[in-house]
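Working notes for the structure below.
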Amino acid sequence: MATLHQRSLARLMVAPSVVLLFLWMIVPLGMTLWFSFQRYNLLMPGMEEFTGLGNYRYFLSDPGFWISLQNTLIMVGGILAITVIGGIAIAILIDQPIFGQGYVRILVIAPFFVMPTVSALVWKNMFMNPVNGLLGQVSRAFGAQPVDWLSQYPLFSIIVIVSWQWLPFATLIFLTSLQSLDSEQVEAAEMDGAGIWARFTNLTLPHMGRAITVVILIETIFLLSVFAEILVTTNGGPGYQTTTLTYLVYTQALLQFDVGGASAGGIIAVILANIVAFFLMRMIGKTLD
Amino acid sequence: MARKVTNTRKWIFTCLAWGVALLIFFPILWTILTSFKTEGDAVATPPKFLFFDWTLANYREVQARSDYFSHFMNSVIIALGSTALGLLVAIPAAWAMAFQPGKQTKNVLMWMLSTKMMPAVGVLIPIYILFQRMGLLDSRTGVLIVLMLMNLPIIIWMLYTYFREIPGEILEASRMDGASLWNEIRYVLTPMAVPGIASTMLLNIILAWNEAFWTLNLTTSRAAPLTTFIASYSSPEGLFYAKLSAASTMAIAPILIMGWFSQKQLVRGLTFGAVK
Amino acid sequence: MNMLIRSLLGACAVSALALPALAQQTTLTIATVNNGDMIRMQKLTGDFTTKHPDIRLQWVTLEENILRQRVTTDIATRGGQYDVVTIGNYEVPIWAKQNWLLPLDGLPEDYDADDLLPAVRRGLSVEDTLYAAPFYAESAMVMYRKDLAEKAGVTISESPTWGEIFTAARAMTDKSAEIYGICLRGKAGWGENMAFLSAMANSYGASWFDMDWKPQFDQPEWHDTLTDYVTIMAEAGPPGASTNGFNENLALFQQGKCGIWIDATVAASFVTDPGESQVADQVGFARFPNKEGVDNHGNWLWSWNLGIPASTTKAEAAKEFVAWATSKGYTELVAAQEGWRAAPPGTRTSLYDNPEYEKDAPFAKLTLASIDGVNTDQSSVKETPYTGGQFVSIPEFQAIGTAVGQQFAATVAGQVKPEQALTSAQQLTTREMTRAGYIK
């Protein structure tokens, strides 16, 4: 009896979150779906009509659509690669016996607290600007021609900025994971004469497997919606070079005020994101056991 | 048996680690330094690192131009409010899922996470119209609810993974003693769950503080937090590096300080079940 | 602790007492752009609130793009968040036709709407009714460094041709000393690089659309415009030009890194401000160039205006404020506080008739000539179906202009050839215009 009672209590406890999230999902989704079949531009009231799949055809045929997909993948993939590899390296470094470990950790964690808008503004103006930015000044000091990061390597620059924000997160999770590694095991391996690399690949890496999955999952969720950084730095350009899917939807919604087109784009983005999510979830599903 | 570490090795690693840490921290440090320079010094060639005329003029100017305190208070209320509300809803849910898992629990969790995949930019206009009808535009309540919903999946998930680490045997034991679910929560598990809740809370405050899309678009003045404050400095006329730095420092300082003081707590919970 | 509680209680009591008084106040929420003149106005509003103790002002200062996005969303959904909005002359006629703005009739007697410069007033009126009051207005002109020109042995006439400008820019360039002969907008955006490029194209004899709304990027005039622009930027422009907008170029010019800068006339008061500009006493001015044989100086006309959304419930108070901020009295207030040079330019004939202004502002005559010379009803030498100078006055232009601007920014960054950018521009404009129903 108790278990039955407890089970229904448990349901009751879960219910508020499920209901709220369901509403939060279904209301915007429903409205978006509805608008995606309408011709509806905020700037031209009185022209609303049903257009069937017109908005979808329009969005999919956007000259920037395929490029934006590609950019999204490169951006998310690039940031994941940098933060995971960089995060592991830095975590291992900090995990060594060093002086002032606590302070090092404080310095490393800092970028995680910075507002995306602020970090984009700071990087764009104070570092990447070729005339007055610090990077430009440093390269001039060495007699080199300053690199104009945001126009010559725009996507790479965005990757750098966003990676800087997410590196601390990855590092910290990896560090926690490393610290739970059984030191006796490591010592045993050391005694057996296993080299550093062998110890890393056979012991450390497998141990961190779960941590890596978690970092990838959480970051992907946030990275797919990266937007402020692009808006502030490059506005999606030059050309389409930093236009991601989210940014493309933004141009439809808040530049053209084409609610119909933006809604169709939103639905497409949701579908694509869920495909990505499906694979991620399968990956992470194992972690939950 | 501690590993023997030679002093040289320790020094080498110390230097390396500090080097990397300073490199990562440098952009923030540079921003803070620049905020105390005159506009001329801010773009001087070669860059001036520490030896310049320290001035508070930029802070004065920023304060004269925008009401920092009101933005700050809004940020605090929105961040704390959405976190409190979120925890209120999330703790029971995560608790039940962790200790009374059903067949669907995992799927429900996955589904919750997937609600975060909706691109906010695409649904702004429908939500804006909805908010307008409900009179929620430029109200702290409105933003607070949206941010709560946005972060709810992450909170639930984080709490869930944390609660799962609480050993089941304790539960069994207390149940054998005939403790009701309520007492079980109150006396046995709450003390063990507090650290997890604390770090979830911290993470959520950070996420809510830094959220810049909904806060910018759903507020005007009365409810406008620091993200709106910073939006008025993004490209003013003429030389603006020092003023931008001062505004940036003012926007990030509160959360940075809070983060630093609580980083141990934050890090402990920030594993999302990655560490067993 | 006790102290804190007590003072908090005290504060509560005081505010409770103050509440009835506050209740009779009208609070105006004013959305404004974060540029120098607007920020100055914020500082000077004490004058308004002492005259109108029953009106309280609440400022929302935002960066231009965010402002536009916020205000447009709000006004189109009738959100009613703002009582006064700062908008450009691009929005005014479009929004007025949608009945989103209140007509500005019944302004106080001393407002003297007839004093407004005719070109500016025309741009803000629909069927002779004013829908927004101009705060300041600008055309575009050439600003150059007299010292650098002399050093390079070149002269720039008062009404130069593009050929003259290009020659001078090349001669002034000294990249090793960080002197760039010419600074032009490169940052993508309909109000950034496309404002400049549309004006330049006008002066090359190009137009955006023919009478059937067919985009004209496949015409030789646009080809010449873009190739000349890209060539001179590569030879004499600063690094990072593709992300430079008005503000970035202003900073460069003030630091003495530009030989020539062709941009909005309002910049003149900033570059001649000795407090901010290192080259204040070396700036020469000239009209926006034209191509040899084409009688067109770009027809650039922009104004920042104060309008009142139809969704406001405080129309009367809002009107009071708009009238104050754009009045002759406000101009005098600025002059008294910060000197005549800082007065908001380009809106009133009386300002240009004022000898003191002319004495203090060496750029006055040229600014007036530039604005007076603009004809936004016929911005190109070709026949066009649209109005607007450096923009096309249709709602779709924001998006189209920005998308085309991205293509052109990519050419400055050296990643795309001008021919290729023009082809993409032609395609995407055709696509959007077809969707919007202009092209049948």
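Per-chain numbering from 1; labels A, B and C assigned in written order.
The rule is simple: a contact is a pair of C-beta atoms (placed from the backbone, for glycine too) under 8 Å apart; a residue touches a chain by one contact, two chains touch by 3 or more.
The structure presented is a predicted model; accordingly, all values stated were derived computationally and were not measured.
Undergrad: May I ask which two chains are joined by the most contacting C-beta pairs?
TA: Contact tally peaks for the chain pair A-B.
Undergrad: Going by the average position of its CA atoms, which chain sits the greatest distance from subunit B?
TA: C
Undergrad: Quick check: how many Å separate the C-alpha centres of subunit A and subunit B?
TA: Computed value for the inter-centroid distance: 15 Å.
Undergrad: So the centre of each chain is just the mean of its C-alpha atoms; given that, what is the distance between subunit A and subunit C in Å?
TA: 36
Undergrad: Can you list the residues of subunit A that touch 2 or more other chains?
TA: 42, 132, 254, 257
Undergrad: Give me the residues of subunit C that touch two or more other chains.
TA: In subunit C, the residues touching two or more other chains are 69, 73, 77, 248, 251.
Undergrad: For subunit B, jot down the residues that touch at least 2 other chains.
TA: In subunit B, 43, 124-125, 231, 233-234 touch at least two other chains.
Undergrad: With touch defined as at the start, can you tell me which subunit A residues reach subunit C in the complex?
TA: For subunit A paired with subunit C, touching residues are 41-45, 58, 61, 63, 124, 129-132, 136, 145-146, 148, 150-152, 231, 234-241, 251, 254-258.
Undergrad: With touch defined as at the start, can you tell me which subunit B residues reach subunit C in the complex?
TA: 43, 64-66, 124-125, 128-129, 132, 137-138, 216-217, 220-222, 224, 228, 231-240
Undergrad: Which bits of subunit C are touching subunit A when the two form their complex?
TA: Listed in rising order, the residues of subunit C that touch subunit A are 65, 69, 72-73, 76-77, 94, 98, 178, 187-189, 238-243, 248, 251-252, 257, 395-396, 398-399, 402-403, 405-407, 409-410, 412-416, 421, 424, 427-428, 431, 435.
Undergrad: If you look only at subunit A, which of its residues touch subunit B in the complex?
TA: It is residues 2, 6-7, 9-11, 13-14, 16-18, 20-21, 24-25, 27-29, 31-32, 35, 42, 90, 93-94, 96-101, 103-119, 121-123, 125-127, 132, 134, 137, 140-141, 164, 167-169, 172-173, 175-177, 180, 183, 187, 210-211, 213-215, 217-218, 221, 224-225, 227-228, 232, 245-246, 249-250, 253-254, 257, 259, 262-263, 265-267, 269-270, 273-274, 276-277, 281, 285, 287-288 of subunit A that touch subunit B.
Undergrad: Enumerate the contact residues on subunit B facing subunit A in the complex.
TA: Of all residues in subunit B, those touching subunit A are 1, 3, 5, 10-11, 13-14, 16-18, 20-22, 24-25, 27-28, 30-31, 34, 43, 45-47, 89-90, 92-93, 95-97, 99-100, 102, 106, 108-110, 112-127, 130, 149, 152-154, 156, 161, 175, 181, 206, 209-210, 212-213, 226-227, 230-231, 233-234, 241, 244-245, 248, 251-252, 255-256, 259-260, 263, 266-268, 270-276.
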